[in-house]
Each structure stands twice: as structure tokens, then as C-alpha cells.
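Okay, handing you the structure first.
Naming follows writing order (A, B, C and D), and every chain is counted from residue 1.
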Amino acid sequence: MDNILTSRRYKNECTVVDLKTCRIGDGSLAIIAGPCAVESMDQMIYLAGLFKKTGVSIIRGGAYKPRTSPYSFQGLGEEGLRILAAAREQTGLPFVTEVTDVRYIEKVAGYADIIQIGSRNMQNFSLLREAGKSGKPVILKRGFSSTLEEWLSAAEYIAAEGNNKIIFCERGIRTFEGYTRNTMDISAIPAIKELSHFPIIADPSHGTGRRSLVGPLAKAAVAAGSDGVMLEVHENPPRALSDGAQSLYPSELESLVPALQVLHAACSSLRKTAV
Amino acid sequence: MDNILTSRRYKNECTVVDLKTCRIGDGSLAIIAGPCAVESMDQMIYLAGLFKKTGVSIIRGGAYKPRTSPYSFQGLGEEGLRILAAAREQTGLPFVTEVTDVRYIEKVAGYADIIQIGSRNMQNFSLLREAGKSGKPVILKRGFSSTLEEWLSAAEYIAAEGNNKIIFCERGIRTFEGYTRNTMDISAIPAIKELSHFPIIADPSHGTGRRSLVGPLAKAAVAAGSDGVMLEVHENPPRALSDGAQSLYPSELESLVPALQVLHAACSSLRKTAV
Amino acid sequence: MDNILTSRRYKNECTVVDLKTCRIGDGSLAIIAGPCAVESMDQMIYLAGLFKKTGVSIIRGGAYKPRTSPYSFQGLGEEGLRILAAAREQTGLPFVTEVTDVRYIEKVAGYADIIQIGSRNMQNFSLLREAGKSGKPVILKRGFSSTLEEWLSAAEYIAAEGNNKIIFCERGIRTFEGYTRNTMDISAIPAIKELSHFPIIADPSHGTGRRSLVGPLAKAAVAAGSDGVMLEVHENPPRALSDGAQSLYPSELESLVPALQVLHAACSSLRKTAV
Amino acid sequence: MDNILTSRRYKNECTVVDLKTCRIGDGSLAIIAGPCAVESMDQMIYLAGLFKKTGVSIIRGGAYKPRTSPYSFQGLGEEGLRILAAAREQTGLPFVTEVTDVRYIEKVAGYADIIQIGSRNMQNFSLLREAGKSGKPVILKRGFSSTLEEWLSAAEYIAAEGNNKIIFCERGIRTFEGYTRNTMDISAIPAIKELSHFPIIADPSHGTGRRSLVGPLAKAAVAAGSDGVMLEVHENPPRALSDGAQSLYPSELESLVPALQVLHAACSSLRKTAV
């Protein structure tokens, strides 16, 4: 059963997702940054200031966290949404947060500028349909063992509800390699651009699971044509309630963002000179 | 974060899931059979008669089908549940059907004897919790790229709601091999028995995706200690609305079930003589 | 480029590899047992006695060991071959040993009854050709990430040299699962039998890497139609110079072999009654 | 068994492999280009001219080709080596070619400037040792399902023979994804640099198997810190005797090489400003 609405054959021109303060898919580079889970108001006030100053375009943060174990920290829930809204207030930057349950979509969509469907829910078809119906921009993460074909079909569920504000997010696939948490499939970036008109961003934090590899893989994603990069940042990674090992220190974000921008500018001018 | 309630260290004795007409995990062999998707009342009346005669213990059939593409047949919904209930009426056999959406759990649990959480939803944690709360026996299929550790953690979500009627179901994992639809991980059967006190069954239909391999792999599962086998059967596989290539013909079921029973008896007596 | 000589389409009748004292592929069950690496004459004399008594058909043992690290024990070399020959003398049982280097094929073929091509060399095409030219029976292990197609093509290299004494050996493939050393692909057994006329055996020792899983997977392989089972056995596994964690204790072998024979007899009579 | 000689802990300073006309690992970018298999003198004369003009640093070409099927084109053998030597004569550029058999190492090392150990032979330990003894620079491709640990151990076999002219080459690993021939593991580039002092290059031609993805992945490799890029180029890809689908057209090479150089320069100056 072929995909239709998401296909480059259906629409050749690139779709741009417009968030007013920034546009994803128009050739610019979106920087999305934030903690894995929102932990407190103080944290987000501090980080929001950092993001504003650093040139981040979109804030991310988890309020409802899908965790492998029922005994792990599951997020602050609606309190987390309120904190994210306060960070938006403070900075003027839009925010994205994950939704994991069809019953909370309306609530999450009421707060967030973008809703995220996580890897574990990439084939939660009810959730995809409801995300489609919400009319909100949707970041659709790749399932950690999903083929490109299955990923496009998941997006088709959203698009079939009349929602054409889809942003793919490559975040690593599961392989035999144990040094990294996942294996970042950088080839998915140009491949999705061949197959679909929707933009694609990269999440090297989950893709590698190691702080030291986040920078090199973020650069690789930009060089391969990614429309944006999603970075986990924590004010004190060793104390993070989740994903500390892959979270950047604030100082690392401050040096990485301008580097990505320089690289993106170099790549853009190469593209213009037809290379 | 370790698992607790599902662990063999927590409870050494095997848990038996009692369905009145049969028990899973007590050393007997449960045969679960049915079409991938329930297609019509006529179909189920025919198949139910076949199952009763063949010695099948539990009927399976999909009413809500999670399909990769939004344009594929998605199941008959509640009509499918009613048809399954009629098959139960006719035969006295319990039935299992999949639930894919938290909003339908109550409805599905109202009809079904066992609810199934499919591979794509193995880490749909809201669904796991609600399945736990329903108090119904739950067949928990392994995610197609989930580790044993993640699978046990998913079960822990169910058990943490006070539900100890969990049945694991190995249905193949995703590998590089393309000859089979998935790679049946037979070693998961004895491994889960080492790690957990809950029973485990095998689904060689999804595990192989090829009719000709279903029999050999069903036998392998029984020899490895599986508490049951789940088989897709269709009255006319080439016309099945889904999964025809892996569905057995009625005549194949009629010869396979007694073969599995003979094999199971041989394995049981070997175990008793301490091998 | 399709395979020819190894294909079931080329020759429909099953090929039987005749070793005089036993035949592989004729419907009987070959039991191949021995230590991962031959460590000493005393060891092999003890084990050979055990094997003779237990009903083992073929002795296995490594003289030239391919080891991941250059600093691991690499085998006794020709001394190992002489020890294996002594074990054959003592028992009348044939032996198989691995060859890893084209320069040693003549020497190894001079001692051994069967030569083994290991997983790491499944696509060492020079070695395959020379093994073919040797005219000796060849056990061809599956590369740990080789498709069935590639495996058949590797066998085609042997067959193209006029050698039709090929025995496939499934020994587990590499997946994301970390509980087992490899994932035993039991479906490869009936699949190879569909695709090729050559016999196939299974190696659950390497396939699982865990002593406790060797028995269940050996039984699964037999139930799935395997022509033989290869088992690592050591007189004192915790002291083994390689692969101790997956080696059976002598007492485990003594109880497993008769169990496999009972199971094989049950499966054979099922096949005769056309199931 | 830990690795020693290849470890960054053993030697902190980066090892540079000096080929006189270029150096690999000193912060420069090596461009290695050539056809998959050398097909004729005319071909190489034409391509050698192209490479000289384009700024290629090293010529590659296969004389002994490891092919999955015995019936595929296996390379020109020594005639191929002579043609490559003529291309070196013409251009002053060094060349690399693969060796697949210990018996040909001396011959290949007599012609080539660098010898390549291919993916299928990454754990052909005899070949690794002989390549080590040859004293020649060695490009060691990653096995298509080898962990970083196993790859480093394979290099340790070369280094243990006193050869410290090792160049790692990431060429894609095997995953479930079928859109690309392999999945290019870009994270292996910074990871190997963390773990070892030897240089690493990338082969996006084999890594993707699709011409359209070679450019984006070559750029990604450069951005991630690769010391070089290996590119398959053919004067007429649809007519190539092997790997045509992933071979660049001459005009594609002419535009890609300067783009990679611009990108590399941008990355180098970012590194100098401590980002």
C-alpha cells in the first residue's frame, strides 16, 4: 500500500512548517534545545535564558516521559507543561513536548507549539491520527527499528487527517553496536528528502547516547542537509533525572550552536553554487 | 531500574494463567488459532467449528488491526468483537483479541477473555497500565526490536497495576535477514523462563511470515519449552485481507495440532525423567 | 547471480554426506561434540571415552582457533591435530576441525575427516575454493550476519570445485539482543532445506553462548528438522581456555544426548505419518 | 582481552600515515577515488587524468575482487595491478588495492602503495598478520557487522606485527534498513578517534549503495572529522562490471571534491577556534 500525501511524487516542492518565530524546511537551520525532562521552574528559567542568548530557535522538554521501567521518573505532567509555557513567555521562543497518550493530546496541544510523537509510539496509530486532527505541527521521531517506508507510512496517518505540518526526526536506530546507545542513520536525512517533501531534523543526543559524540554528529547532520538539530542540554548533566550521559553542558551548547551555524552557512553557499 | 514483580527472583514458582477451560503455564500446551483479522460471521462460524474439532484451546482474531499504512484494512471494530463472542458461544472456547487504543480497553475487555498488546504497542505505557487495570489476562507480544530486558519492563507496567495474568508471546525480531518476515528468537523462550515466572507462548506465523515454515518453528517452540503456540489460520489464505502468506490452510492445522501434541507429550516425559 | 549447484531446483533429492561410521542428511541425527579448543592429550582421551559411551557420532575440536584478540589462546596447531587423530584412533569416531588459512588446508585435510569453515571465514573465497578442491566433507558455518542467500553462494564456491560433501551449520546471527551471545536462527534450518539439497546442522553452543540454553535450543533444532547438533563440551568448563560459559559439563552431555535421540525418534515417526 | 597498541591510552598523539605525496591523519583531507574493479588500461588512463585534475590524493581500484557469487566477475588479477601501476606512473599518485588471499600479499605489496583488507576479511586473522608483516600501509575496512571493539582488535593483529601504518575505513554496517545497501555509521568516526590514535576514513559508496546519497554522506563524514573519503567513480556507471549503482559519474566527482575541500576548511578553522 503506497504512501501518497507524504510522497515527493505527490508534491515536489519542499513543505515549510511555519512557527512564526522560525520556519523549518525553508533552507534555514533550526536549533531545538532543552532538557530531556522538565524538572523544575528554576531549571527552565535558567535554561531559557541560556537558549535565548545562544540563538536556539525552539525549546524542547519532556512533561510526560515514556520510560522503559515503571519505577523511573515519569515526568511532571501538566506542571511540566506550565513550566514550558513560562519559558516561552520569558523568551518568545516556541516549545515542543512529547505526547504519549491519546487522552492527553488536547491538553498538550493546548499548551505546546509543536507536539512530538516519540520513537516508541511511531506506530501508535491512534495517537498519530489524533495528532493529525489536532492541527498542530508534529515532530515525528523514527521508531528505533523502523524502516524509512514504515516511517513515511506513519506520517501518512497524520497527513491523512489533513495535517501537513510534519517534521521528521532521525534519532538513531537499533543495531548490534553497543558503544553508542543507538546508531545514528545519517543517510536517512538525504533519503527522506528524496522520498518526501516534508522537512527532517536530527537528534544526535538520543542518536549517540554519549555527550562527546553529540557535536560531531550534529555537524554531520547539518552537512548531510538536515533542516534542524535537536540537542539535549542540562544545567548539571550528572544530576539529570534522565539521559544525563548524553546531555550537553551549557558551555558546550554555547560553543556548538555557532559552529553549526558557520557550517550551515558554508553548506548553503555550496548548494547555491550548484554543488 | 530493575524489574521486580515479573522476576523469577521475586517469585520462583511458575505463575499459571487460568482461563477455566484451559490453563497456561501449568505444563500443558495451549493452542491458539484464528485468522489475522476477523472478516465475517460466516468465516468465524466455519473456523470455530474447525477449531473445536481440532483441539484448539483458544480462538484468536483481530477486530482492531494496527496496520502500517492508513489505507490498509483496519479491522471490523466492535462488529469483529461480536463475531468473536459468537464463536465463543458456539464452541465454549475463550478468545483473545488485540487492543491498540486506551479508549477501547473497556469495550474490548467487556467482550474478550484475554486482551493482547501487540508488538508495535509493547512500549505504549499508557496502554500497558490500562491493560493492567482491566484485570484481564494479557498476552504481551515482544516488540520487534525489543530486548528481553525491555520486554520484562513492559510486563512490569502491567504487573505494577496488580495484574498477574501475564502471558509473554515471542513473535520474531527484526534482523537483516529478508527471507523470513522476522527472525523467530526461539532462545527467548527458555530465557524468559529463567528470568520470569510468567508463561510464554510463541507465534511462528508472524515470526516467519511464510506458511511453509510455521510448522517447523511451532515444533521448535514446543521443544524449547513453550507453554503454547499461536497460529494464524484462514479458510482461504490467498484471499485473506491481511497476512495471507503466513496463514495456514485448515488442513494444515488439522495435521499440525496433533503433531504438536505428540511432540509436547514426548518433551514432557523427558522432563519428568530429569533431562 | 543465482546459485546453481547448491539449489534444490538443481537437485531435488537430499544429498547425504557419508562418513562411513555415520551419514549426515539421511534422516538420522548426528551428534557432534567436543571442546572449543583442544587443550591437551589427557583432555581428549578423557572426552573421547565420554563421547564413545554417550553415543556421539563425530568429535569436534579446534587446533587453529580464530580469536578476536591476538593476545588470546590461538590453539595448539598441528599438535592439536595429532591429539584429535589419537582420539579417533581410540574411539573409531571421525573428527572435524576448523581451518582458517589456505596454507594449512592440505595439512588439516591430511588429518581430519571433515574440515570446518568458521563464521568469520564464510566469505573468505580463497579458503572456500581450496576447501572445495580438498575433496573433504566441509562443514560451512553461517557468517554471523550473513543472509541465507550469501550462505548458499559461499557453498556454491565449494560446490563449483566439484565438492558435493557440504554440510551447512547454523550457529546464530548477530542482533541487538545482548542476553545471548548470538540469536539462533532456527528458521534457517527448514529454510535451507527448502532452498538446498545439502544437509544442515545446528550449533546451539555458539548460537546462545549460555550453557543453560544449549539444551532447549538443541531440542528446538531437532524439532525443526536439523540433521545434527554440534555441542561444545569441556571436562571442566570454568577452566576452559575458550568458550567456557557455553560449554556443557560431561554430565549434561550424558543426559542431553539420549533426550535428543528420543525427540528425534518422535519427530521422525511424525514425519512418516505425513505430518 | 584488551587492545594495547591501537589504543589511545597507549599513545595519545595522533598517528600520521605518510605516503610522501600525502599524509593521512595530520588534519588534512585525503580523497581516494577509483573504480570498484579495474576493467581495462584505457579506463584507468582516462580516470587517472580525471583524478589528477580534480585533486584526488590516492587512486583506488580492485584487481582481486571478493564477490558473493563464484559466477560474478572476479577482477583482472595481476593484470589489474599492472594497470594501476601505470596509472601511478602517469599521475604520480599512490594507489591502494585489496588483497584477499595470504598467498598474494607479497605480489600485491610489490605493486601497491597501500593494501586494503576488505570487510569480509576483517577477521581473516592470517591475512591481517601477513598484512602487518608486509610493512605496507593498510586500510582496514570495518566488517559489516563488526563492533568497534572487534575492529580495533583486528587492527591489533596488524600492529602486533610491528606495522603502525593503519588506516581505519568505515563503510557501513548491516541493519534491517533496505533502502540503503548498508547503514553508514558516521558515529564510528569520532568514536574511533576517541578510542585509537590511528586515522579513519569513510567510504560512502559502499556505505550507501546509492549514487544520490554519496555526496551528502561524504560531507557528513568530513563534518564528523574523517581524515579522508573514499569514492567509487566510473567513466560510465551503468556499464560498470560491479557496483555501478553507487559509482559517481566523472562530472559528479568534479563538483564533489571541491565541495568537500571547502567544507573541510570550514571545519578545520572551527576546530582551531576551539569549537
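Here, contacts are C-beta pairs under 8 Å (C-beta built on N, C-alpha and C of every residue); 3 or more make two chains touch, one makes a residue touch a chain.
Treat the numbers as computed from the prediction; the structure is a model and nothing was measured.
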| item | value |
| --- | --- |
| Partner chains that subunit B and subunit C have in common | A, D |
| Chain separated most widely from subunit B, comparing mean CA positions | D |
| Distance from the mean Cα position of subunit C to that of subunit A, given in whole angstrom | 48 |
| Rounded Å distance between subunit A and subunit D, as computed from the means of their C-alpha atoms | 34 |
| Whole-Å gap between the CA centroids of subunit A and subunit B | 35 |
| Touching two or more other chains - residues of subunit A | 145, 149, 174-176, 178 |
| Residues on subunit D engaged by subunit C in the complex (per definition of touch) | 1-4, 66-72, 100-103, 120-121, 123-126, 129, 144-145, 149-150, 153, 156-157, 160, 174 |
| Residues on subunit B engaged by subunit C in the complex (per definition of touch) | 145, 147-149, 173, 175-180, 183-187, 189-191, 194, 207-208, 212-213, 216-217, 219-225, 255-256, 258-259, 262-263, 266-267, 270, 274-275 |
| Contact footprint of subunit C on subunit A as seen in their complex | 145, 174-176, 178 |
